[in-house]
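I have a structure I would like to understand better, so I am pasting it below and will then ask my questions one at a time.
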Amino acid sequence: MNALLAVDVPWWGTTIIKSIAVLLVVLLPTGTVVYLYLFKMVSFMQSRLGPMEAGPYGSLQLLAEVGKNLQKEDIFPARADRNVFALAPYIVLVSTMLLAVVVPFGPNAVFTDLDTGIFLALAVSSVSVIGILMAGWASASKYSLLGGLRAAGQLIAYELPLVLAVVGVVIQAGTLNMQQIVYAQIEGEIFGFGGLGLPFVLTQFVGFVIFMIAVQAELTQVPFDMPIAESELVSGYMTEYSGMRFLMFFIGEFATAVIFAFLASVLFLGGWSIPPFVTELLGLEIDSAWFNVIGPIVMLTKMLVLTFIIYWVRFTYPRFREDQLQKFAWKVLIPISLVNIAITGLLKVVL
Amino acid sequence: MFLNQFLLFAAALFCIGVYGVLTRKNGVLMLMSIELILNAVNINLVAFGAYTGTISGQVFALFVIAVAAAEVGVGLAIVLLIYRNRRSIDVSEADLLQG
Amino acid sequence: MTAISDRRQMAYVAAQAADARVNVELEAEGMTLNIGPQHPATHGTLRIVARLDGEQVIEAEPIMGYMHRGYEKLTEVRTYPQVTTLVNRIDWLGSFCNEVPFILAAEQLMEIEAPPRAQHIRTILFELGRIAHVSLFLGDLGVQLGAVTPVFYAFRDREHVLNQIEAATGGRFHPNFDRIGGVKDDLPAGWIAETRQVLQKLREFCDLIDGLLFGNEIFEARTRGIGVIPADVGLSYGLSGANIRASGVDWDLRRDAPNGLVYDKVDWKVWTHPDGDAYARSWVRLQEVRESCDIVEQLLDTMPPGPIMAKVPRIIKVPEGEAYVATENPLGEMGYYIVSKGGLEPFRVKIRSASFNNMSITPWLLQGAYVPDVITILASLYFILGDIDR
Amino acid sequence: MIAALSSGALFAQSSMTNTEEWVANGVFYVIAAVALFAAIKMVTTSNVVHAALYLLVVLAVVAAVYILLGAEFAAATQVLVYLGAIMVLLLFGVMLTRAKIGHEDDLDHEQKWIGGLVAVLLMAVMSYSLVDEFDTIELPADRQPQRTQEVADSIFSTFIVPFEAISLLLLAALIGAVVVARRD
Amino acid sequence: MGLVESGKLPKSLTTLLNTSRKYSLWVYQWGLACCAIEMGAAFGSPRYDVMRLGVIPLPASPRQADFVCVSGTVTDKMAPAIRRLYEQMPEPKYVISMGSCANCGGPYWDSYSVTKGIDQIIPVDVYVPGCPPRPEALLEGIVLLQEIIQHEDMQEKWNKDPLELGA
Amino acid sequence: MTDTTEVQEEAQVDEAREALLEAITAELGDALVDSHLQPGQDLWIRVSSDSFGDTADYLRERQRFRFFDYLSAIDWLPSPFGRSLDANVDNILNPSDAAEPVAMEQGVAGGETRFQIIARVYSLTTHLGLHVKADVPDDTMTVGTWTGVYPGAEWHERETHEMFGINFAQHPGLRPLYLPGAFEGHPLRKDFPLLARLVKPWPGIVDVEPMPTQDNPEDAA
């Protein structure tokens, strides 16, 4: 970060800049994803247009949403536990933002270069469940409680394949540090050919698929959207929320998708790097400051591709039933990912 | 930073945990108080690890966390069993050896 | 509106304020989940009070009447042509199909028969109504199971059919086109050719849904073996239409009692499915849409020339007598039992609507189901609230 | 809780300068105060879910303290296991047993003062001995965050036997929990 | 929110806020009878596509809705539930009454079980006539509602007397 | 349909229905009070009030009428409010103002009481429908239930109970089906007034309205 700005800022300055940057890194892509996918792509897939009136092609729709929700009445259900009810959306949203802290966007464009990077990210991602449970319980509504409990059950179940899918990558890269994982992919070779690097999606394809499925479930989206199943539980744990608090859940949901897509692109698609032969063609060094500019753009592109898949699935598939969903996690995903880990470990030792 | 500030903090948490275990009769709350005690111990371990500059403190903290996870799993299973049989999670009522 | 109904209304609202809280209050042993009255899953305003054990339903009771508009009473104070307007709105999706059995019953009492061309037009519109009706079901099924996109396709392609109905009748939704003794108008020029194109689009829509939903493994996992209705149970509850055909009962009023409609001049097939589960019900409906397309296609080919109205007096008085005529509506058997006293208005009309019987099986069917399956079962039974409550 | 986590994340840098040390100290006192407050509320509150949420705060602060002490891996584990798993499990259990919203009366024994007395005495004894023993000892100023790799190395070499024992214990606990909680 | 309630807002900001409300109308679809299908066509059918206007037909819960579209016959049994739904919605909230039945009872004007007009229960902003109205008619109703919102004085809306019925 | 085929079909159907009627007459004995056969259309039988409940069992088990169609009732009382274009009694607001009472007259298959139960069953083997009528005693207003044989009758009987006030012995729960709890009266009885009509005469009494272009002073008023 400092290198990017080429100015010597004091530590508190960096902290403030970083905090703002985290907000931007989370909110801007989230806005893009909501507009692009929730409003536009889905509309086109359903042969509609999506919002058109607010701004050119409805591009200011999200601002209108924020402006409106600012004015909405903040309702607390009569029998709700007010404090817990009020706190829940913050936990969901902020835990999502904390995830962004460990994601590298360039050789120097990192917030914190943690040794335990991906491990901490996975750890923090599980905190949002607590927010959901709190929301479900504090709303004093059966739909909410059922939704919250279902969400928790599901998130616990899918946390496991999520972590296990990452383990394969970690074994192959030999590090938990996200930045190191990116470098490992840049420096990797495919049968001696280093021009493409080695995106782990090639060697860890099973892990990648499991990761994306688990992400879909972590996001509580179709086909794993039992917790907010509209036709059954109204909107699950969010049922009683209105105004800004609802917007926080709403944004949190999409922000989580964005962050997980970032994580997936770092873990499996080479992160901020572009294939080394392109780097050579451009005449750049992998550590050059240019990558602090190119990196975020590359990350954004990769993220958009991954979120596209996420929302494509979301708007096309029917949903699983609760028991089928649990069965799928425990009887399919976890065994496969364990086998994947075993094979990866074996190959790592052998090769 | 002083070593003692961590140790005293841990001691305080420990004592609060002890108070909780002694006064609560709700099963889940007792479990939580025990977690508090375990965490206090962990802080001690990590603090001493940092003081001596060795890795053992942290490693033992990890072991304790693992044990705590196991403890909560079994504990919660027991509590749910009590709840299912007696429709209450008041451990002072669960004083009969037979179900 | 009027003073009396105003006051009645207010008193009622006050008295029932407590009842509206029922959502939370209906606590018995175990958890009680109240689905509805206005709930995304219930196609309107059905309320299902389910006593749960975990996520399993111990006992479910549908509570109806949220759409009860007092049809049977209102028919007694309207003339026969006016009743036609009213009955359009019973099963609001298959509007034209509602008119037909009533008109047929009246014709039976008056001993009038519509000319062949009118019968043809009736049958075509009847089948078009079925196509529009059931294609929406196919889309809606997806929504109930969490797939949002099919319903947009359903709405999109349903428009084509509605266009044709509108072109022929002038009414997009409630045509009020059927007359005692025939139909109101002849078909407009070029209608037949356009309808052929529409049928082609609808066939493509069926293939789309077939791939999007029925070819999806999750869909199968959600519907196979869910809500199985044995044929005998279904019959004693009075289930009709695709619901009972999905249980393997080969019975279709179009074929078995084609009174006044020209199904006997068409080569077509009654689809059945042996399983009787939610999948079977949906599958049978999909096939029926396809079959309907074929029926309409053939009828378009064989459209006879001639008048569209029989000789009917200007002011319609129906001679004394009683008659029951039922047709195979999109939802199942719909019949009208008309008692006439020779006046301008019916003396008594009993409306035998399909959904009422189809839904009466739900307390039996929902026992032991899981909450998500409740939605599947309700969706696959396919009911229209107006058709239940009337 | 979130604040604690983020403050932890902020200080997870390499070796600290003097100012940072000073700030870290300040942060420690703030979050320690928060943790103690939350812990006291946890053992006194009359709502089970609130108690669980207070415990959550304490656990998050403990994770932050780990980071302050340079034990990054332990902190991440703390978040993953305690916040992400144990607390979710606890909350899940609490909500399954139909925790009421509002106050519940019979969460405590009658004689609270005995517990209080024990706790205060214990605290007195411990703080006396701690102050007596470690009064002016400072943590080494040049201490480095403990590398994750070192943790891994020592777990799989020095502590391999306890590690295996722990994994057996976890397995046993898993089976035990399943056996206990089974419905039949 | 406090500012809005006190009504001390500069004119330009009011316009901005009104505009944002205008273009972000989350609708709760209270579909009751025949009109429900035409409403569904307006909201769901690609031909009408109400989302163009910034009406998002997403929320399943009234808590997140900005306006409710009551479409169809309201029976006396349903009336309390509608009242309750309206109370559950957060301010500022609007009501579109769609179809003759919701407006005045429609063809069931003489029925013993039908409420003759939902304006007896909740305040209505826009009436859409028809039995059932075509989807285009509903679209126009929504555009009219947007016009109302654009020219709305928030101070008045917040400080007006609470709804009194049954007095 | 051409005329020739219709005649043939009628003849066939007639035979089947007559055979059915004969069988029922023979087996039901005294329970069968009256019957009516409309060639080519339908068959009505009227059973005594007491045997109504048992008839279901007989029809289902012996005659294989597996399909339960509907169950309802008819109130034969001529409407005290009367409404007919030529009668010009549409504006009668009070039952006592009504013109001279018309004698009660029951429909096909006869009848003796004001209320009559009507039910229909259908056989999938012969594809014949059968209407079953039964008088409801004016004093007890109770007949037997069909729910034991045809569980689908439960809702129909609840509806009938609510709309006409007819009781069904041994019905599992005769709760109101449609109307809210506070509702009074049985709407489908002929003497149940439609309040809105009493307050305001029906505007649609003139069936043929003049075109808007026609200047009608009465319309403007």
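In order of appearance the chains are A, B, C, D, E and F, and numbering begins at 1 in each one.
Simple rule for what comes next: a residue touches a chain if its C-beta (ideal position, glycine included) is under 8 Å from a C-beta of that chain, and two chains touch if they have at least 3 such contacts.
This structure is a prediction, so every number in the text was calculated from the model and none was measured.
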{"item": "Chains contacting each of subunit B and subunit D, listed by label", "value": "none"}
{"item": "Chains in simultaneous contact with subunit C and subunit D", "value": "A"}
Contact clusters after notional removal of subunit D: A, C, E, F | B
{"item": "Per Cα centroids, the chain farthest from subunit D", "value": "F"}
{"item": "Subunit C and subunit F: spacing of chain centres that average the CA atoms, whole Å", "value": "22"}
{"item": "Subunit A and subunit B: spacing of chain centres that average the CA atoms, whole Å", "value": "33"}
{"item": "Chain centre separation in whole Å, for subunit E relative to subunit D (CA means)", "value": "51"}
{"item": "Whole-Å gap between the CA centroids of subunit B and subunit F", "value": "74"}
{"item": "Per-residue multi-chain contacts in subunit F, two or more chains", "value": "178-180, 187, 192, 194-197, 202"}
{"item": "Where subunit A touches two or more other chains, by residue", "value": "46-48, 230, 234"}
{"item": "Per-residue overlap in subunit D, given as positions that touch at least 2 other chains", "value": "73, 77, 85, 89, 96"}
{"item": "Contact pairs between chains, per stated definition", "value": "A-C, A-D, A-E, B-D, C-E, C-F, E-F"}
{"item": "Subunit A-touching residues of subunit C, taken from the complex the two chains share", "value": "24, 31, 33-35, 39-41, 55, 142-149, 152-153, 156, 212-213, 216, 218-219, 221-222, 370-375, 379"}
{"item": "List of subunit B residues in touch with subunit D within their complex", "value": "1-9, 11-20, 22-26, 28-29, 31-33, 35-36, 39, 42-43, 46-47, 49-51, 53, 55-59, 61-63, 65-74, 76-81, 83-84, 89-90, 92"}
{"item": "Touching residues on subunit E, where the partner in the complex is subunit C", "value": "30-34, 36-38, 40-41, 44-47, 60, 72-73, 75-81, 83-85, 104-105, 107-117, 120-121, 131-132, 134, 165-166"}
{"item": "Of all residues in subunit F, those that touch subunit C in their complex", "value": "1, 38, 41-42, 44, 60, 66-70, 72, 74-75, 78-79, 83-86, 105, 107-108, 118, 120, 124, 127, 129, 131, 149-152, 154-156, 163, 176-182, 187-188, 190, 192, 194-200, 202, 204, 207"}
{"item": "Residue numbers on subunit D that touch subunit B, as the complex places them", "value": "21, 24-25, 28-29, 32, 35-36, 39-40, 42-43, 48, 51-52, 55, 58-59, 62, 65-66, 68-71, 73-74, 77-78, 81-82, 85-86, 89-90, 93-94, 96-97, 106-109, 112, 114-116, 118-120, 122-123, 126-127, 130-131, 134-140, 143, 146, 150-151, 154-155, 158-159, 162-163, 166, 169-170, 172-174, 176-178, 180-181, 183"}
